[in-house]
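For reference, the structure discussed in these notes is given below.
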Amino acid sequence: MTIGDGILHPDRLLPAEPGTRSIARDLYSAVRDLPIISPHGHTDPAWFASDAAFSDAASLLIVPDHYLLRMLHAQGISYDALGVPRRDGAEVAAPRAVWRSFAQQYPLFTGTPSALWIDHALSAVLGCEERLTPDNADALFDQINAALARPDFRPRALLDRFRVEVIATTEGALDPLTHHAALAHDGWGSRVRTTYRPDAVTDPDAPDFRTDMARLAALTDCDTARWDGMIEAHRRRRAHFRAHGATATDHGHPSAMTADLPATECQRLLTGALAGTLTPAEAECFRAQMLTEMAGLSAEDGMVMQIHAGSRRNTDAAMFSARGANMGADIPRRTDWVGGLDALLNRHGHAPRLRVIAFTLDETTYARELAPMAGYWPALMIGPPWWFHDSPAGMRRYLDQVVETAGFANLAGFNDDTRALLSIPARHDVWRRAVAGFLARMVAAHQLGRTSAETIATDLSYHAAKRAYRL
Amino acid sequence: MTIGDGILHPDRLLPAEPGTRSIARDLYSAVRDLPIISPHGHTDPAWFASDAAFSDAASLLIVPDHYLLRMLHAQGISYDALGVPRRDGAEVAAPRAVWRSFAQQYPLFTGTPSALWIDHALSAVLGCEERLTPDNADALFDQINAALARPDFRPRALLDRFRVEVIATTEGALDPLTHHAALAHDGWGSRVRTTYRPDAVTDPDAPDFRTDMARLAALTDCDTARWDGMIEAHRRRRAHFRAHGATATDHGHPSAMTADLPATECQRLLTGALAGTLTPAEAECFRAQMLTEMAGLSAEDGMVMQIHAGSRRNTDAAMFSARGANMGADIPRRTDWVGGLDALLNRHGHAPRLRVIAFTLDETTYARELAPMAGYWPALMIGPPWWFHDSPAGMRRYLDQVVETAGFANLAGFNDDTRALLSIPARHDVWRRAVAGFLARMVAAHQLGRTSAETIATDLSYHAAKRAYRL
Amino acid sequence: MTIGDGILHPDRLLPAEPGTRSIARDLYSAVRDLPIISPHGHTDPAWFASDAAFSDAASLLIVPDHYLLRMLHAQGISYDALGVPRRDGAEVAAPRAVWRSFAQQYPLFTGTPSALWIDHALSAVLGCEERLTPDNADALFDQINAALARPDFRPRALLDRFRVEVIATTEGALDPLTHHAALAHDGWGSRVRTTYRPDAVTDPDAPDFRTDMARLAALTDCDTARWDGMIEAHRRRRAHFRAHGATATDHGHPSAMTADLPATECQRLLTGALAGTLTPAEAECFRAQMLTEMAGLSAEDGMVMQIHAGSRRNTDAAMFSARGANMGADIPRRTDWVGGLDALLNRHGHAPRLRVIAFTLDETTYARELAPMAGYWPALMIGPPWWFHDSPAGMRRYLDQVVETAGFANLAGFNDDTRALLSIPARHDVWRRAVAGFLARMVAAHQLGRTSAETIATDLSYHAAKRAYRL
């Protein structure tokens, strides 16, 4: 089944100039219905393992979506009113009230990618025939909830309907992967995969670092107080993750800094990290060294290494303390890729099996650093526009700034990086439209023939991600 | 009376693609004649208080405009030839000679916003029917001077003619505000307002810091050598400014750094500042702490806090020594908003009455820092493109980079920030055209309906500034 | 003879909107056939001095072009297979095999400026009637080699055919300039000029710094162990270069840092540099001081000073050790122009004969730093988009970000900066198309009249470079 357009205009996001739009339409129609490869994201594997119905529109669409929460918060809507759980367990608004608040404030999202995703989810996925307004909020809430109770809105049915060929979730190094084991048991193991995300045990500033290192030791039967033992523990966990479908690792670091330190210095940092005595600069060195170690393991085992660098997390201390992480207060910062990856690339950059995919929130590094680097190093690819830049203008700036220097072959295609299951088709659709528009402009400027453009559009919409993630 | 177009093309600055231009024309025509809200700028309150005629075209249009002076200087025209006063009192060129030099070099401004403003002022405001050339320079000089002598070119008449509903000037913390008192006496108090700009007493590197702190003490009857006394002095001056119409404060800082230091450390810095013994790093801490203190006072008294950060002032030491500040040698620098505002926002970012409007000269922070921050913190809004970026392409980049992440509701509308009275209608007109073009492109791409676009255009042209500045 | 378009579309790179394209076509046709001024580049003066035939297509077009090599390397093609000489002298692929490898991988360059240059060179210069493919690779190789053997493909004939009025090569401070002497003898002295590039003796980190300083002493009869003597040695070498046609110097520095140190500190740094005892920070100070000294000499002798700052060279240590420099692993980094040039400009920025042309790889500095600085300082101009940014989108971003603040008069026109002789007409053609497109958009937006646009297009395509380099 094709995701219909409903209240969405079929030409949305395509270039306005009629000749260019016509080319873009042709390119888009060639890629619109391709299967979805979603090699990086944050959906909950329990959804797919249990295949239980979602409870209601607000809990599915609003409460877990920090893109929405933040904008409402900026206008003074409290997270209590948005139903966001509190650490102190105090009551927060019920789903219908949350939905009403959101409907009331929905015009805030005009011009943002959130509006594209919500409009698409409501219209193309959930079958709503009107845009959300305060007046139809209750009716749509009931209509959506009724739909969600139906078998064709169960998580696995949605993956079918969205034509998701592969989706990867992201789990911490200590995760038991029971959901993925259940999925494998049901024959879904190669369709819903995991990703190895060891930040909790590679970052000495992580809240439970010491405990988690002890758990890592217990899980792997390795001495994680010794550098070599700790690396061996990762080696074993990575193998465990691969056995559950993982083809990639993921590393969310505040900076892109890497290091290549002598063994004694590594041990000194580890000992300090376990004792809780590292200075902030030493903690940064520890993380930096761990990225290089992870690259070394990827060179061994062929897991694709994703580096998501440059977010300052939890910048609102009061919010973090009241409700925890992912509340919309993570803010990008300047990132030095050329200095940062120097140690890693000089150590492992020529290893034939290594593949690093770099994601940045600092757009100034597209043309200045990442495109020149990816256009040189065999091991390095550029990930798609990430987070705030997963948007029409963000994609336009990305393509404008990376393609001339990195070419198309050093790009990792698209991934949606989302927690919001229902936004997946919308996000891939926005990317496919952005790619069609970009290529159409090149065709209109006679930089590219139509046949090449269609090949590239298909590649960037489907094959590139599959190839990049070794799927 | 409508400001006519004269030699200006009615479609100027609108998108070229005919379908998009037609939408943009409609949007522009809906906002073109709205009143002007000018909540931040540097016009001279004495003009409006005395309502005296301006002397001549060169003294009004050229000599005080550092946008013009700098470009002429870059081509080797001396500031003597441009009539810019010298500290040593030596003679400089007379107005007619200045005007001739400018006319000779006017093609230098092709493609710059200065040309848009000058063409608009000459044509739409002053009624000239030809662009300025060396050949018509004398005739236009005489024609303009004759116009300026007429009652309908007096400052207050110009405000009427420009449909300026509110204009704010900017005064130092020690200013007696006599012009604003006179304006209030004449019933102009809510139309011409002041703004509290305390940089001279918040920056230990300000030239007369010690003297000015003593004057602040004398004016407020507070002990400005004690931290609490010094803060209390600000509290009283702010109240005094509010009594003269101020709804906002303004802070021009070299960086966006803020701090939240313990009381003893504050006192130590103040004592050092008064003794003139602070290191550059300590002076930066002092300024950083003062921004946080000012935010605390804004949280109390509701004055809107403007932060203009990131200009390296007076980079030409010889020029500064010969003629003083604002000579065109202030150059933007990299600015760290996410690290910079961290202390202020964590201390006061949830205060219900606090509103901070951030202005940047570092465009790389639009999408990377300011839009994510303003899209989260209730207290924070993004000011319009500032200074060098108050231009067609500057506005295009601004809207392209802030809207998707901050939405429209976290933008503070437009302000002209000008010393050049006659450029005010031109600057607002450029903004309205830029907004119309931006929204028309979204409408053409089916991201937005025409009705929403018109609502947003009206808001960004008029209501947003009023609301943001609590006018 | 006009360079024909062959397989290239005559409207390539022009704006798609028909009205704008028509204006752009007119502007482009006015500048298309203007002579070429190539005031900065890296062609080999031996070519023009000896005027010998080029050997074959691969050795001319592929092996020396790091733009091509890097992209092939990123896809895992080894430099051995690309015929790149090794320091250990081991054999590498022969030209025909190199050409075949390149043909196989040519689609990698789709969307990159390299494809524009290669298509142009093959089609418009070498008369190939098809785009390069694996199938026609051998035939084109033979066809090109046959052409290169003909008299009209000798280096001097190519300069005639390309309408190159002046071309500057770049030589180290110790170069004997024998090729330029030979050229002068043949009456080609004012057409093929040299450029003074003293990096080997201004950078204490240069590999043979001490030896080269001794050679500099020997060549000039100056005591290069004394600061004044070392400066005098430069003064004499610069005079020698001027006698061989040089009008400019060139300085490739990792940062834009300059300094203005007291004489004793200068001497201390020089002594340390010769002793090999400088810390990295001191070496940076030495380079910084040398830029200011070079500006002082330019203020004396009128040589135009080019600063190419912000490339981190040879970031792949293994590659550098195996094959040397210019292997595609030089990566741009963040550059601080406003802080960096402060010392130089405050020391020499008002000197009437000084002209500094700044080239950046950090596009964030266009609007934030370089345009404001060049729009103020009489001594400073902005060089054209450099290296990775010498591309259609790179030029669009450059013009978009510099013109409004710097105007057109503070731009240094275009230069191709190339080692690839056959790419020269293509690169200037891309620039002329980019300029025509940019100006056409301004005309279509009524920011500029057609006559002004044509004057500016002609200036940026020809006169500006001549004027900027004092040719």
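All chains are identified by letter, namely A, B and C, in their written order; residue positions are counted from 1 within each chain.
As a working rule, a contact is a pair of C-beta atoms (placed from the backbone, for glycine too) under 8 Å apart; a residue touches a chain by one contact, two chains touch by 3 or more.
This one's a predicted model, so the numbers in the text were calculated from it and none came from an experiment.
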Angular offset of subunit A relative to subunit B [C-alpha, multiple of 5 degrees]:
120
Shared numbers divided by all numbers used: is that above or below half for subunit B and subunit C, i.e. same or different?
different
What's the distance between the Cα centroids of subunit B and subunit C, rounded to whole Å?
40
Check each residue of subunit B and list the ones that touch at least two other chains.
15, 17, 364
So in the complex, the part of subunit B that touches subunit C is made up of which residues?
8-9, 11-18, 70-71, 73-76, 107-113, 116, 312, 315-318, 328-329, 331-334, 361-364, 388-389, 391-394, 397
Footprint of subunit C on subunit A - complex, ascending
15, 17, 19-20, 336, 338-339, 342, 345-346, 349-350, 352, 364, 367-369, 371-378, 380, 400-401, 403-405, 407-410, 441-442, 444-448, 452, 456
